[in-house]
Each structure stands twice: as structure tokens, then as C-alpha cells.
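In what comes next, subunit A is part of two complexes: it sits with subunit B in the first one and with subunit C in the second one.
So, the complex of A and B:
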């Protein structure tokens, strides 16, 4: 039995009610947070029943008639849904393969910069893009990738035709990956830099005495030293396979590239909040959140096991 | 010594190239915002405007939406941050020790929201049912209670040495006095981190504004920019903007981006240190 530690007269024999009463000030302090949590986080979860109902705006969520699995059947029969699902997975996997390792490389590079001032300035520049919204980022990216922009000018110099980066299905996913790296790599590197800082400097000393080269040091000391961080973040990333960066895609895409860039989040948005297919969109959203939830839980359990409970999210 | 020189040069070359990649898009937008039509439409890199042209800024200040956006963004940032920080602090203070009955259940209820939610449509209908659509409160209230902020704050508070508050108890202080006089002064660091994150989050938020509060008098800076991305060409082609010769959709958008982002760019070098520290706290103990 747990006893409140700071209770002046806390004895093991106290009843639960008495202990609750004793802590009433704490519950009072918790109340505002819990009210916000219930009204804005838990109440919407009840709305998921919409996926199993024919939503009539006059009847509300409660009064609308049940529809069984009608909307899930519609969802799984729609060709557009499968295209969107495969886009989601492809973009996530591309990010995992190409964007995800970049912060590790960047972190190693940053920690190898000898001059402290240069390192600070470089790091500050590297996470500047993290602090702007994707709306602003989309504006900057649009200008850089414009037909008269610098990238197309460089391509022109080597004799390649202008590329409509934001409207060409062949290159748009590449744009998503690269802009993702540009905006997030510097910030994501922070956690690896911290892990590298924690490595015992004596190891490097010993390696140097043994005549190790820089690359050997990185391979035999730095990488093993941050292995658990890498592994943890990798597994957590797998848990997020079904969720995409809505802010990024929504602000960069256009109908011209829907075939390669429309993902579950953007699809749900357009179906629900633009076309008002409320039940259908709720079903799509629930599919994503439900499976996403299971994936996140599994990945967390895996992390917990691997790190004996020290690095999981809860 | 001679051997060491070469890798050094390569390192600095890589640094220079990467710095350029990180910073150039910002620089180009600054240059664009001061460019005239001819320079804005010229191809290639833009390092310095040929003629210093303020027409784009004149154009955006001729329309009052940028002022409305500024007022609303500042309002939501101030009110939203104050609410988030205070409500989160109260909850984290109450939950800082595992003593209170029901601690595990309450903690679970909070953390669970990090992993599962109602989804876009149910969330929208909830806001609608609450009568918050097209009110300014929809910009701040839904985000007040966040699990991540709570966890970071709680972890920090629970690491504060218990001796001080025990001494205060013996002196006859009650819970509220301890919260305000003993723990609060010791929590400045974590409060600053949560507040800074809330400020950045509110300043950059656009989705809630676009979906829940799209009336013109509720525009925030981000939605002003978004409208220009969506309909930039129409905007400059119509209205009083067309009478001014020296602007393009790009220069107008660039100027708007500048006006919307200047506070972030100005404040960023000074606060980024604390934000980094905050991330570490969250990452290590989250």
C-alpha cells in the first residue's frame, strides 16, 4: 500500500477515502488540466463511432443511424484508398532509408569540428529551419525550386531542362525527402550529439595511441557508443510508418502530384473537411490511428525490452 | 602537420556548403522581398537586390490583413502560452510525487493521449459542438493540455529535492504556499522551456486557424502567408495591388514571410540554447 509521503499524519491504517481527502488540494490543482484533456482529447474519441454510423448533421453523432461496417467496406473497395495507403508507406519508407540516417552523419560531423565557435555557428544554422512553420518553409522552398530559381539555373548550366519540382510526379517524392532533411536534420542531430558527448574520451585517446585513423575511430568507438540511441530512435520511427508529415505534404503538394503524394492524413482531410464525407473520412482516420497505435505500442515494447526499460517513452 | 591540413580544408568546405544550404533559402526570401519586378523574375541565385525596392512591403501594408494577422498571432501566443504553462504547472505539481491515490491511472490517462486520438473529423465535430468554430478561443483552448509538456514538467518537479518542502511543511506552510513559494522559484528553468516551446508553437500554428477560424478578422500570420501560397497570382493581379507596377506574387509573398518570421529569426539565436536544453530533458527522462 502506497502512502503519501508528505502527509503529516500518514499511517498505514488510513482508508482510501481519507487519503483522497487528505490530498484534495492536489486533485483541485489537477482539475483544469484534466478538464482540458477530457474535453479536447477524450471527447473526440467518442466521435469515432461515426465511422460505424450514417452521419446526419441534424441528428448529431448520437442520433444518427448505425451503418455497421458500410464505410469500412467502401474504404477498402476504393482504389483511391489503396493508392493513398501505398503512398503513405512508400514515403515513410523512403524517409526511413534516406532522411533518418542523415542526423547521425551530421552529428558525427559536427562533433568532429575542432573549432568550438565554428561548431556553434554551424549548429545554430543547422537548426534554424526547424523553427519556422511548414507554411513558411513551403514558401521558401517554392522560390528555391521555381523555374527561375537557383536549382533550375544550376541544372541549366549542365544542360538539363527545367524541372517543375513541385508539379512533377517523377521528382516530387524526392523533393519531400530532401526538404524533410533540410528542415529537420539539424535539430534531430542534437540527441545524437548528446550521446556522442557522453562517450568516454579515454577511448579515443587509447585509439590514437594505437594509431587509429579518424574513420576507424568513428567506426569502432563513436558508432558503437551511440548504438542504443540509434536503435531506439529507429524502432520508434518504425512505429510511425502510417503517419506522414501532414504539415509538409499539405503545404507543398497540389493536384498535379496527388498520385504520388496523397497520403492517409491528406486524404482524410480532403474527404472529411473539404468534401464533408464525415463517416467515410472518420473510417479512414480510424484505420490509420488504430493501426498506428498498435505499431507505436509494439515499437515501444521492443525498445523497452532492448534497453531494459530505460529508454521507452513511458 | 602537413598531413592534417588537407582534411581540415575539406571539413571547412563541407561546412561552408552546408551552411549555405541551410541559410540560403532564408536569404533569398529577404532579397526577393526587396526586389523589383525585373530582378525578381530574373533566373538564378539572388544574392543582392539590384535596386532596393519597397513596393512589396507597401503592398502588404496597404491591406489590413497583415495587421489583423499580427494582432491575432500575438494574442494567441500570449494567451495560449500563459494558459498552457499555468495549467500544465498546476497538474505537474500535483503529480510530482507518486503519493496521491490514483496516480497511475491519472498518469496513464494523460500519456495515452500521446498515442491515440479521435482523428480529424471527430475533432472538428467536437469543436463545432462546443460552439468554438470561428471564435478566437479555438486557437488556444484545444492545445492547453499536452501530454508531452506535462511529462517534461513533472519529471523536472519530481527531481527537486524534497527537503525544502518538508522544512516548509514543518513551518506550517500549506500546499498552495509550497507550490508558489518553494517549488515555483526552483522551476524557472523548466517553465522557461515549456513557455518557449508554446510561443514557437503558437506563432507557427496554422492548421487550427485554417480549419476552425477562417473568418477574415481571425486570420493569423501563418494563414495570411498560406493564402498567398494558394492564390498568390490572383491577389496581385486584382485590387489595388495591380496599380503598383513593381511587384510580383513572389515579392509580395516574400515580404509577407519576412514580416511574419522576423520575430522568430530575431529571437531565435538567443533562445535556441534553452530549447536545446529542454529537448535534452525530454529525451533523457521522457
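So, the complex of A and C:
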């Protein structure tokens, strides 16, 4: 029998439905998350239009008059926009260079701990800071880095300091990076630990038989084994280059370090939300996310090209 | 089969909890729309306040006030956005709410989940309560609300008809023409109830460690130079006698008045305030040559080490901590915070609880060698714009507005009722000693908020001399005299609520001013070479446009 296009489509459609029915338990499990994504991630996207409107609350988003690119112009013409943009990029790139690799190293370190109990304790201790809010964490950090705090006391013992860490433009970005690592590395390491666990133990055994040392095992087995995870997270991280950790910076910065730490998120908060300028804030957010989206696509293409099509998000 | 059942159950649980979460969020954000649910909950938990007696009964069981139900007048349901502090709003069915409901013909449905942190989102959602307690710290921008058509006008004649006592008090305090000059008027419309805490008095005060001063054989300063010497001695002469170099003269913060005695010597309040000259030209304090000179003096003091070095990053709470734990010997704060009725949270009590009775005092006015020799303290703009008042949502009905104005009148005329609203129950929250109201020292901010007293429905009535007599101790009165001995200048001497350029550029201008202030103190910028660049940065940030619009609007 000759299969027409229509029949083909019909067969394919029936096949898909059959597959869904066959795996209905899994699809059912997926359903709540699809609903969640739709309700909280896709449905609100229509609000992006706010960036192009003079928002009138009582007329709603769609009923408000169009403003064209007025708020984008305001954003780009703002006196400190370029300073803020460069701060955002520098802090994000520093995080990418210093904070992003730490969870990989930490995961490898944790997975190499032989004693199961010690490993568990260490892992738990490493991700506990993740559960402290930045408001509390900032308070702790402020105390630790105070002029009469323990860090300056240690510096005093070696004849240095005191350093006004939270008001010194030369060291403030370092504080941001280090506190970011302290708070987030343990939590981020979990996904790498999971990936390492999935590596076939026979590979290590074979390597040991062949006389491989620990570092060689890590270099030739562990890292290639988690390469996909590393690249996936790297691509996603690239997409966040114009987003900074608002909670962290907002709770730690002051006018003394605006020149190195005022980023798009904090700037938008002051300029947009505090002034009830929702359209302006949306324009800034749209700019950030638009650039992020483009960066993700570019990095995916680059990774795909470099790995000869083996590694990429899509 | 088990797997399917498990997956089905898990899916249902996740979906149900997610939908429940959505539903809760939607309800929580609603104002008027949540009335029915709130009423049901109110009815179901009407006796939830077990720890407090019903406001209908005092200790003797007698009725404190009768409901003023007028025959034919419908009971008004009113959604109410109140607050205690920026992050504590009204508790549902609080003692004070019931007191208001039982006294007046109203049913109050408080918004319980909107704080300073999410007020923007609440407003942006299109919701606004029938009544909102407007406060400067609540981040509510009345001009924005007006521009958005979110608030309604209050006819002036209603204020005189239904709130005559309050209006009379303001007339006596501020002059007969206070209404026409008030900041509550935008485009000639009254958009919120006139409100002012009291007469035009100093809003700032200077408190100091009297015991340290006496130990160092010094006397209370009378000039700015003597204040400097006192701070120097507090820093370097071991005033606490512990043998350690661990004390400082003072800690100041940028955002709250800063070191106003120095700036006050030049007639300047805070750097971000605008003022108008007699010829109609408007200026920013932070761009004045006098500001430059004052900042130079502050820098000298900072470099000497008599100002706590962490003043750059300290906030008000940090300064108070250093005051209360004996790290600094003087502190700038607000006059309203030394009143004894604040109990343990008073800035005097927080130090005396640690160091003993009489160890701290309020400093009287100083003079200086600068300007006209006077050091000015600052006060709020002397009209009824106030820092807290009531505004009505666009959907509030005439009947609701009138009902609330009658409540205000009730507060202004019934001192017993106002005392209960502000201070709670006698014998529980306060006691009367020799005709003086003494707040229970163990009463916390959270206790007051839960009960709905004090600031919670803050704007419900104007305090008057009767309340001052009732609540101010002899020491309060003496301290008020000392604090009020400082001549005052308004922080800003004009009121021009609408300025589109300010809405767009002020954030940038403030950034430039605050950066320069901190950088000069830290030494990373300077007053000689950096001043012209600073002025240029202010102009680039949009200062000229803001000033031009002010001047244009005031023509």
C-alpha cells in the first residue's frame, strides 16, 4: 500500500499519542512542572510589553498607551549606565573565572574522600551556607570583615591592615567573589557530584591497574566523564553575564563602592522600582535578558563547533 | 501498578500544592476583592486575641465607649493598609481594630501582607485599600498614585465638617492658611488628610554620655569647637576607663541627618534637599559652596579619628548599637526617639539600661564661628504635609471617607479613646503614676503591633497638648526644651510635589552626591580638585533639569 503524506502524518500523530499513552505515568509526573513553567515562566512574558508602554495601573498593561523606545533611551542615556553595565560584566566575568570552577573542584574533592561519613559531613557543611538568606549572610560578613573583626585581627597579627573591606573599591569585588563562593559552591557542587557518581567505577579500576596516579585519574576519567555537565552549566552561566546577584550586592554595598559594585540589578532597583517606574525597570530587565538570550545562543554555537557537534544544549 | 499509583499520587500532590500556592498569592495580594474571605476569617477568629481583654471592657468590666451608630447610616466596611514599622503591618482582629469597630460604625478589614518591601508590587497590581496610612518610609509616592488615578480627592468642606477639631488644632499650630499651603494639595486637590505630628520642632537631636564627660572633667559644650574637643576626649582619653583604645567620639550615617551640627552651622540640613531663594532660584544643598566647606570640616574630624571609621557603611541600627554598647560617646538621632513612653527602645533608655540611670543626656544648642554663628537643627517642612496621614483609594466611596473623617474627629475629641489607641490598656500596657502615663517597659514593638496600638493606626488622630501633658515625663519636658533650644530650619523650604525631571533624574543625582560624600571622607576624592568635577557630574546626572522644572513650576 502506498503511504500518502496524510497517512504518514496520521501515523506519526497516532504514534506520538500511543507513546504518550504508553508512558502516561511519566507524562503525568511531568505535567505539574509543565503547568508551573507555563504559569510562572511563559504567561508573565506578555508583561515585557510594559517596556514599550507608559504604564497606567488602572488601564492595565494592554490598555496603557504606547511609549515606543522612550524607556530604553532613558536607560542608555542615564549618566551612570555605562559604568553600571561595565561593573555588571566585570563582576559576572570574575564570577565565571573564579566562582564557577570552584564547585567542580569541590565536587571532585568530596567524591575522592574515602570515608563515607566524613564525606557526608563535609558535603553537608559545604552546602549549608546556601540556606542562609543574603540578609543574614551580609550581617555575618559585615561582622567578620569589620575593622575590629576577626579577619582584621588576623591581618594585624602579621603586621597588615586594618582593611575597610566593605568600603574599599580595590577589594570589594574580591569580597563579592569570595562570599559568593562560600555561600554557593557547596550547593552548586551537588550536580557535579551526581555526575561523578554516574561514572563507571571500572574505568578507575582499570586506570589504577595501568598505574595511573590520582591526578591522572581525575584528568583522564573524572573530568571527561562530567564534561557534558560542565559545558551545559557553562553555557547557562554565560546567559547570566548581565545578571548579578542582586541580594548579595544590595546587602553589602554602599556609596563608597558604587564605582565598582553598582550593577544593572541594583541600579534598576533604585531607578525603577523605588521610583515606581515600572516601565523603566522592565526595559532594563528586557535589555538584560535579551542580551543573556543572545549570549546563550552564541555560546551554544561555539561549544557545538568546538566539540564537533558532540556537546551542546540543542 | 504501584509505580503508576505512586506517580499519580505525586503528580496530584505537586499540582494541588502549586495551585494552592497560586490561589494563596492571588488572595494575599488583593485589597477590596478579599473582603468576603477576610470577613469570614474575622468571624471565625473573633476571639483569637485571648491575651487581651475585649476593648469593650476595661478592667472593671465597664463599657469604654458606645458605638456611634446613627439610625439610617449604613455600617461601612473599610479595607485598611496600616503599619507599625516598615516591615510590620496591621494584625487582623487586633485589640485596637476591635476598639475602633466597636466605637464607630465601621468594619475594618486590614491588609496584613503588604510591607515596605512589597508595596510597589501591591500598587502595581492595581489594588489599593480604601484607606492607606501614608508614610514616608513606606515608599509610597503620593504623586505617582495621583498621576495613576489611584487615590481620590477629599473635599475640603468635608474636612471642616467632619473633622473640625483636628483642623482647628492644625490651624493653631500652623496658622489659619495651613490648608492652602499644605503639601497635601496636588494640583489644588486635597489628596490626603492633613497631618503633622506636632508643632514645628527640631526633628534631630544630639545625645551624649554625661558620665564620660564628667569623668573627663569636662562640661557640656556650647560651641562647635567645644563639641570637637569633647569628641576628641571621648576618643583618646579612655572615657570608659577600661585601659583600651576602644571608644570614639561619634558615629554618623549619611542617610539620616548625618553630622547635622556641622552642616547646621552653615544652615544646611541634608545634601539631597532642595531649597528656594527669595528670588525664586532653586538649589540643591549638596551643590552649595557652604556644603563644600562643611564637608571639609567633617573630613578633618574623620581624619582625626573622632568619628567612627565605619560610619561609611554603618546604618542607623549599627550606630545605635555602638551607642548602646559604649563604643561611641555621642549620637545623632531623632527627638521623637528620646521620649520616655518609648520604654526600652528609647535612645536614652537603651544606654541607661546598660550604664545606669543619668549616664546620658540631651545636648543643648551650640554656636559656631561660621555663618551667622547659629547652628541650625532641621525640622520637617512646616505645613500639614506631614510624614504620616491617610489617603483614600480611588474606589473608596463618599460614605467611607466620611466615616473615616468621623473616626479622626472621634480620636481628636475623646482623649480616653485616643489614649487607648496609642497606649493600649491601663494596667497592662501602661500605668499612671502621678498623672503621668508610664509605658510598660517590657512592651515590645511586636507586642504593640500585634495589639494594633501606637503607630499601627498612627494617623487616626492628631495629638494635642492634652496628650503631651499625659505622656511626657518631667525629664522628657526638660529634654524637649534642650532639643528645641536649637534654632530650626526646614529641611526644604518649599513644597512642589510634581516634578517629572526629579522622578527621572533624582536617583542619579543622589548617587553622585552620596558617592562624593563617602569618597571625600575616605580620601579617594578631594574637595580641591574634585569639587568642579563633582558639580559637572551633578549636571550630567540631570540636576539642572530638576532645578529648571522646579523653578518653572513655582513661577
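Before moving on, here are some points about what is shown:
One rule holds in what follows: the second predicted complex is superposed on the first by the 208 of 314 C-alpha atoms of A that agree within 3 Å, B and C clash if a C-alpha of one lies under 4 Å from a C-alpha of the other, contacts with A are read in each partner's own complex, and residues count from 1 in each chain.
We take it that a residue touches a chain if its C-beta (ideal position, glycine included) is under 8 Å from a C-beta of that chain, and two chains touch if they have at least 3 such contacts.
Keep in mind that this is a model prediction, so the values were computed, not measured.
Residue contacts after overlaying the shared chain place A:103 against neither subunit B nor subunit C. By the touch criterion defined above, A:184 lies against neither subunit B nor subunit C after alignment on the C-alpha atoms of chain A. Of the two partner chains placed by the overlay, subunit B and subunit C both lie in contact with A:278. When both complexes are overlaid on chain A, the residue A:25 reaches subunit B and subunit C alike. When both complexes are overlaid on chain A, the residue A:142 reaches subunit B and subunit C alike.
After overlaying the two complexes on the shared chain, residue contacts for A:131 are found with subunit B alone; subunit C is out of touch. Put subunit B and subunit C next to each other and count what each touches on subunit A; the higher total goes to B.
Once the two complexes are overlaid on the shared chain, A:225 sits clear of subunit B and of subunit C alike. By the touch criterion defined above, A:262 reaches subunit C but does not reach subunit B. Looking at subunit A, you'll find residues 25-26, 29, 32-33, 36, 39, 60, 142, 146-148, 273, 278 touch subunit B in one structure and subunit C in the other. Considering their complex, residues 2-8, 16, 19-20, 23, 25-27, 29-30, 32-34, 36-37, 39-48, 50, 60-61, 109, 112-113, 118, 121-122, 124-129, 131-133, 135-136, 138-144, 146-150, 152-153, 156, 182, 186, 190-191, 194, 214, 246-247, 251, 265, 268-269, 272-273, 278, 281-282, 285-286, 288-289, 293, 296-297, 313-314 of subunit A touch subunit B.
By the touch criterion stated above, subunit B contacts subunit A in their complex at residues 7, 11-12, 14-15, 18-19, 21-26, 28-29, 32, 41-46, 87-88, 90-91, 93-95, 97-103, 106, 109-111, 113-126, 129-130, 141-145, 150, 162, 165-166, 169, 174-176, 179, 200, 203-207, 211, 222, 225-226, 228-229, 250, 253-254, 257, 260-261, 264, 268-269, 272, 276, 279-280, 283, 286.
If you check the complex, the residues on subunit A that touch subunit C are 25-26, 28-29, 31-33, 35-36, 39, 55-58, 60, 74, 78-80, 142, 146-148, 164, 166-167, 169, 254-256, 258-259, 262, 270-271, 273-278. Those residues of subunit C whose C-beta lies close enough to touch subunit A in the complex are 3-4, 7-8, 10-11, 14-15, 18, 22, 120, 123-124, 126, 139, 141, 144, 148-150, 246, 254, 309-310, 312-313, 394, 503-504, 506-508, 511-512, 514-515, 517-519, 522, 524, 537, 540-542.
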